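Got a structure for you, questions after.
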Amino acid sequence: MSLLVDLFSLASIGAGVFFFVAGTVGLLRFPDSLTRLHVLSKADNLGLGLIVLGLMPRADSLLEALKLLVTWALVLLSGAATSQLIGRALRRGRK
Amino acid sequence: MNQFLLAGAGLIIVTVAIGLARILRGPHDIDRLMAVQLLGTGGIAALLLTAYATKVPGVDDVALGLALLAAFATMAFLNLVDADEGGAGS
Amino acid sequence: MSPALLSGLLGAALVGLGLYGLIVHPHPLRKLLAFNLIGSGVFLVFGIVARRGAAAGFAFDAAPQAMVITGIVVAFAASALAVALILRLAAAGGKVTLDPKAWAKPDDGGAK
Amino acid sequence: MSVLPVLDLVLIVLVIGLAAWTIVARDIFAAVLAYVAYGLLLAFVWIRLHAPDVALTEAAVGGGVTGVLLITAGKRLGALKASEAGAPPGLVLKLVAGALALLVAGAVAFAVVSLPTSAPTLAPEIAAAAPGPGAGLGNPITAVLMAYRSFDTMLEKVVLILAVLGVWSVGADQAWGAAPAPLRKPPPDGAMVFLAQILAPAGALIGIHIFWVGADAPGGAFQGGALLAAMWMIAMMARLTEPPRVASRRLRHALISGPAVFLVIGLAGAFIADAFFAFPPALAKPLILLIETFMVLSIALALPLLVAGPPNGSDEP
């Protein structure tokens, strides 16, 4: 059972780290602000989400697991709303 | 397993830090801001990973606080940028 | 090296960097940033004192940590006051230089 | 433990790199953003020093609220021409400053390295004396703030209020009594209103939770108050609410309620307990909780007022 949990964490956290790497590469390599905004949301949403998913079975209590989930939900909400706002500001030429 | 969690945390911190090169390069202030936002998210992820590996109590609350403030700087920045373009003076 | 020792050396480096910036930068906001670097460097030195003060059964000495917490809030209050003054300076004269010569009126013969 | 030292080293190199960037960056806004990123990473360093209470305060105050303050100032001042900031220093001054900085940093580093091996500590004393019989404070930091060094904590609140007075007095004479300028001038975007409508109540709950658990776990009045302050600022940034008029009596009473309640109970300690700023053992926990509640209120009001700045006449932008 614990081996199964470890394997699940390993896969999920590994994938999360991958998305952070991808997000950083995109932030550095993509040509303009709008495309960079696009990769940023991948790291925010998927990267942190997969890491939270991988850590959740390792939580000591239900409250701890819930806190992990709320942390991700808050970042998800903030990321989605600010991406929208940044995108709108960019389209109006405000940089 | 703990070594793996810590390695993951280290990898995230390093990559996100490389992304901070955007603060140096710009070219716009908004690009710089995006790099800081990526650091914020990466910092939360690395913090959670380190917390589960080293078992320091209370770290989940710190991550929660950081998540609450993830949009804080961006909101302040956009408010100023919008005001500038409105032509109503600074 | 232990994280406590490393952080202590980090604190020393921050104090040095901040001091350099505080002297060299003419812009008051840059001076404020530099001053805050000195402050956090000092807090870190406090932090390692707290960590080293861990006696049997305690992870840390709470007294220095509590002082750092109040210190962070006071440092913020001071920064906010400084920012208010800088913005007022900019609004009043259109410039933020701290050089008294730049503020001397042309007709008073450069009086200090 | 083989990865951890590497992680520590990476973290410290990064923090020094960001600190150096705030000093050497040409662009003032880049310097400000580097400082905000630095504040975030510093919270991580505090976790590595086993200080989650400090990390929480640093994240909320050092990274969050200070970040908004500096971004606002940096963006406004960035519009000024570089020549308006004063002459850049000459090479001699740079060299002298560098030498002085090296000397001071070296002295601090030497002091750090040569700290006595058997470090002096107050930890057992605090554990024995501060929570006292009946106080029941499991978190030693709350015990220090509220019982062991309570007079310092009360004075720290007074400093906060003096700073608010200082910021208010910077405003123009004719604006006195008015409200500070709103944190956003144009009407807010729908997405920002939506974000604030969810974030502010959720954050207020989390702030109160962190204040409440502070008796036994990391958290407390400072951390909870700082988070509540941030949430009020988020609401003001989305124009869900406006900064209050500085002439408002209710605002002023709420602002001083923290230190005032603290002082009254502290003075009463001279009669109902054995000393100035002592609590009678049976009542310690409820009294501390009462003081902390008003302290949270004071902090949550003072921090946003400090960011909002001096009162502003309605006609002037």
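Each chain carries a letter (A, B, C and D) given by its place in the written order, and its residues are counted from 1.
Note that in this section a contact is a pair of C-beta atoms (placed from the backbone, for glycine too) under 8 Å apart; a residue touches a chain by one contact, two chains touch by 3 or more.
A quick note: this is a predicted structure, and the numbers were derived from the prediction, not measured.
A.B. asks: As a test of understanding: of all chains, whose mean C-alpha position lies farthest from that of subunit D?
C.D. replies: It is A whose centre lies farthest from that of subunit D.
A.B. asks: B-D versus C-D: which interface comes out with more C-beta contact pairs?
C.D. replies: Taking the two pairs in turn, the one with more contacts turns out to be C-D.
A.B. asks: Roughly how many whole angstrom separate the Cα centroids of subunit A and subunit C?
C.D. replies: Each chain reduced to its C-alpha mean, subunit A and subunit C end up 33 Å apart.
A.B. asks: How big is the gap, in whole Å, between where the Cα atoms of subunit B centre and where those of subunit D centre?
C.D. replies: Comparing mean C-alpha positions, subunit D is 19 Å from subunit B.
A.B. asks: Could you please state the distance in Å, as a whole number, between where the Cα atoms of subunit A are centred and where those of subunit B are centred?
C.D. replies: 11
A.B. asks: Could you say which residues in subunit A touch two or more other chains, in rising order?
C.D. replies: Residues 70, 74, 78, 81-82, 85 of subunit A each touch two or more of the other chains.
A.B. asks: Counting only residues that touch at least 2 other chains, which ones in subunit B make the list?
C.D. replies: Where subunit B meets two or more other chains at a single residue, that happens at 29, 33, 35, 61, 64, 68, 71, 75, 78, 81-82, 84.
A.B. asks: Which residues belonging to subunit D are in contact with no fewer than two other chains?
C.D. replies: Residue numbers touching two or more other chains: 48, 50, 53, 72, 76, 192, 195, 199, 202, 223.
A.B. asks: Show me, using the given definition of touch, all chain pairs that touch one another.
C.D. replies: All touching pairs, sorted by chain label, are A-B, A-D, B-D, C-D.
A.B. asks: Mind listing the subunit C positions that touch subunit D in their complex?
C.D. replies: Within the complex, subunit C touches subunit D at residues 1, 3-21, 23-30, 33-34, 36-37, 40-41, 43-45, 47-56, 58-63, 65-70, 72-81, 83-88, 90, 94-99, 102.
A.B. asks: Which subunit B residues qualify as touching subunit D in the complex?
C.D. replies: 3, 6-7, 9-10, 13-14, 17, 20, 23-24, 26, 29, 32-33, 35-36, 39-40, 43, 46-47, 50-51, 53-54, 56-59, 61-62, 64-66, 68-69, 71-73, 75-84, 86, 88-90
A.B. asks: Which bits of subunit D are touching subunit A when the two form their complex?
C.D. replies: So the residues of subunit D touching subunit A come out as 189, 191-192, 194-195, 198-199, 202.
A.B. asks: Using the touch definition from the top, list the residues of subunit D that touch subunit B in their complex.
C.D. replies: Of all residues in subunit D, those touching subunit B are 2-4, 6-7, 10-11, 14, 17-18, 21, 25, 27, 29-30, 33-34, 36-37, 40-41, 43-44, 47-48, 50, 52-53, 55-56, 59-60, 63-64, 67-68, 71-72, 75-76, 79, 183-186, 192, 195, 199, 202-203, 206, 210, 213, 217-219, 223, 227, 230-231, 233-234, 237-238, 317.
A.B. asks: Which residues of subunit B touch subunit A in the complex?
C.D. replies: Residue positions touching the partner: 1, 4-5, 8, 11-12, 15-16, 18-19, 21-22, 28-31, 33-35, 37-38, 41-42, 44-45, 48-49, 52, 60-61, 63-64, 67-68, 70-71, 74-75, 78, 81-82, 84-85.
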